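One chain, chain A, links the two complexes that follow: it is found with chain B in the first and with chain C in the second.
Presenting the complex of A and B:
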């Protein structure tokens, strides 16, 4: 896109080094049990690395506003996919008021919203 | 129609720019690539149609004694796969869209001519994989590839079929990308966004869906292939997967895919209505933005395919509500088309017959979609013929009607020659009658409880099924007729001249067929879309 902007090699090497460091952290962290934070940390590092690649290696940082808009909106579409899909999974066990008749009680899986959130 | 002074096709037209097979298979001309696509999708339409013939023959008797139940499963699966992925999705964008988009905005070609050709080759490679699946014993999962059946149980050719559709997806993405860049960067001087024909707005919205949706279904099918081949635990509960996750991912694309099929068709209808009523489309801006509205809302409703699949009632409520919202931009279009016709000087040419047919059939298809979006009704008619009838009204009554209407309207531009008008009108009526006879009985069958995808049924359903099969044979005649007279007209049709309909629009401002680079000189646009002169004796609108 921006043929005029030449990125100094220094930046590429710095980003590459950062990616390697994050990879090392991923490996190191996998030996420590953080409980529910395991996934959060792994995904957090992955997202950071992906952002670096998109911004520097794919030149989005130096691209026109329209390109940035395209990248952000596709990211937003991914968020739609994740949020609405999780919207199904997270709310499946919520109490269905007026519907918790004896037939569903024995399963014992119905929880209130508060219980689900505390998961 | 054609003036007597023009008895020859223009000598420098794109059809005469090179003759050997190389001049076609290595072309970078968007018009020739459109014709390559036209040939390919016609071939797949015939294959998909042949499977439909098998289905309707088998259902003529309640016992289902023509084919075994296994074969029947394969018939409806391959009918769906061929028609959806290899005909309906590329039908309008890759043929008429490809041909007309640069012409309508005054460009010499698409932004990336080589990528355009590559998209055709990718499409053909994908289709070879899927054709191989047919030869290698067929596919029996339904076109929806539902797990865990497709990954754990089915013994049919899931791998080549899934890979074929995965590959085909890239062709769709590249076409969408090409269209968006072309519309942004290649408009002729003076062709502002709000002077664009509505056909272009529709293709812009479609391209957004192609780019944002297709990767999801492609990756989902790769996961199906991976689970089937290497037993990854993604969807199969026996190995720790979740089968409903497949449905979420699949329908995230496949609901919007309906709009990939129908939005470009709506673009065609806007062009036809304006041309044959000689009027500016009523509420141009609303119609333009309703395309974008449909594209965005279309991504938020996929859960309506899963009301009975164990989806949470809360998610179902949200998906149901947003599904109702889609009716708003759809109705904006239908009302604005009818408002355009009001006090217009309507000319009953063949393309207009298809346009009127589209409006009626799409309205029925859309309104029955509201039945299905309301959870209470959907629970009862899920997986019945009611659903089958609904989506055929949208995809066949909508997309194919518009596709045929557009093909007739722009045929003089594509080939330089006219088709036989009277025969074409008869064919249009045959298509309309045959279509309704085929699919209206299926609404009743479904409402009475006949499930889809069964090859035998109780005897009391036979009358309606026989009606449907009879309608299908009439419909087949209606589809075959244009194939013959279009082929006939290539040689014997009267010369059309550059603007046989007296329509406005840049594509009519060049010769028929156009030269390879579309225009002798780059047009400068100083007028709005559909600026028809007010008729002398007419009202001042």
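Presenting the complex of A and C:
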């Protein structure tokens, strides 16, 4: 009796090939100027690659629901960390009071406050 | 007599007393490892948070600094880690099939790839020292206007890749431990969980690099 679901080897090879192809794509795309989309594409590919690793190499696709819940909880906390902290910092310079106070960024922000407000 | 009664029930030698069956034991081990990995996600998450904020503040300095990193070595290391994740997955597969020789073979290949990654990383670090791209008194950046924020990029570069490299070293220790346990017969077809949860750790470290590579090396490559 086996206690675990055994993932067929050909799935591992297919995931490996996909990871290599995505790596080649992300390197190639980085040389093309897409403006802000460069970051979106790079992160999109990274998230896709990470998802493949989690689902197949780390067997989460075949794991019980409790394990899946714990895996998703890491994303939940990470999103709170990133979104709430950035939500604070980004909006600090939107204030209309105390404009003579120094910026939150130690060496000054590269864009002006007027630009930030008009974003 | 009572002791004899106590041990009258039969269970596989790999099964601890407090679990009903091997499947329950395996699920508990996996779940415990995942709970640890959630804390690891947040551990690295703090650094990704710092990266996001400073990049938001200093987009030009981050792009210019990123351009100084060696994309060839970075991409090579990405490939090395992906291959090592494959060999790790194959080691887990061999463990589930109870094939000792194959487990040891794939663990050794995984360790060699991990060492190759660290070797390439140290070449990159040496290069940073030679080009005065290590934050501190001797830091020098070509564009004097970006001197200070560029140091922030390189501080994050060293802390994030350094913490990642530390995890690789811990991973190599884990693989050595698993190699010994496979060799001395502790790992069996019924007791493959140690290999599997060590594999989870190794794949997690790979995932961290999957995000570090584009964020540090590919940003601003097109300028």
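Descriptive notes on the structure:
We adopt the following convention: the second predicted complex is superposed on the first by the 91 of 119 C-alpha atoms of A that agree within 3 Å, B and C clash if a C-alpha of one lies under 4 Å from a C-alpha of the other, contacts with A are read in each partner's own complex, and residues count from 1 in each chain.
Everything below uses one rule, namely that a residue touches a chain if its C-beta (ideal position, glycine included) is under 8 Å from a C-beta of that chain, and two chains touch if they have at least 3 such contacts.
As the structure is a prediction and not an experimental result, all values here were calculated from the model.
When both complexes are superposed on chain A, chain B and chain C end up clashing with one another. With both complexes superposed, C is the one of chain B and chain C in contact with more chain A residues. In the superposed model, A:77 makes contact with both chain B and chain C.
Look at A:12: by the touch rule set out above, it reaches chain C but stays clear of chain B. Contact with chain B, but none with chain C, is seen for A:94 once the two complexes are overlaid on the shared chain. Of the two partner chains, neither chain B nor chain C is touched by A:55. Shared-chain residue A:26: touches chain C; no touch with chain B. With the contact threshold set out at the top, residues 66, 73-74, 77, 81, 85, 89-90 of chain A are in contact with chain B in one structure and with chain C in the other.
Interface residues of chain C, counted against chain A in their complex, comprise 21-23, 25-27, 30-31, 34-35, 37-38, 41-42, 45-46, 48-49, 52-53, 56-61, 71, 75, 78-79, 82-83, 85-86, 88-90, 93, 96-97, 148-149, 189-190, 192-193, 196, 199-200, 203-204, 206-207, 210-211, 213-215, 218-219, 221-223. Here chain A touches chain B in the complex through residues 66, 73-74, 77, 80-81, 84-85, 87-92, 94, 96, going by the rule given at the top. Touching chain C in their complex are the following residues of chain A: 1-4, 6-7, 9, 12-13, 16, 19-20, 23, 26-27, 30-34, 38-39, 42-43, 45-46, 49-50, 53-54, 56-59, 63-64, 66-67, 70-71, 73-75, 77-78, 81-82, 85-86, 89-90, 105-107, 109-110.
Those residues of chain B whose C-beta lies close enough to touch chain A in the complex are 184, 211-212, 216, 244-245, 248-249, 252, 299-300, 302-303, 306, 310-315, 318-319.
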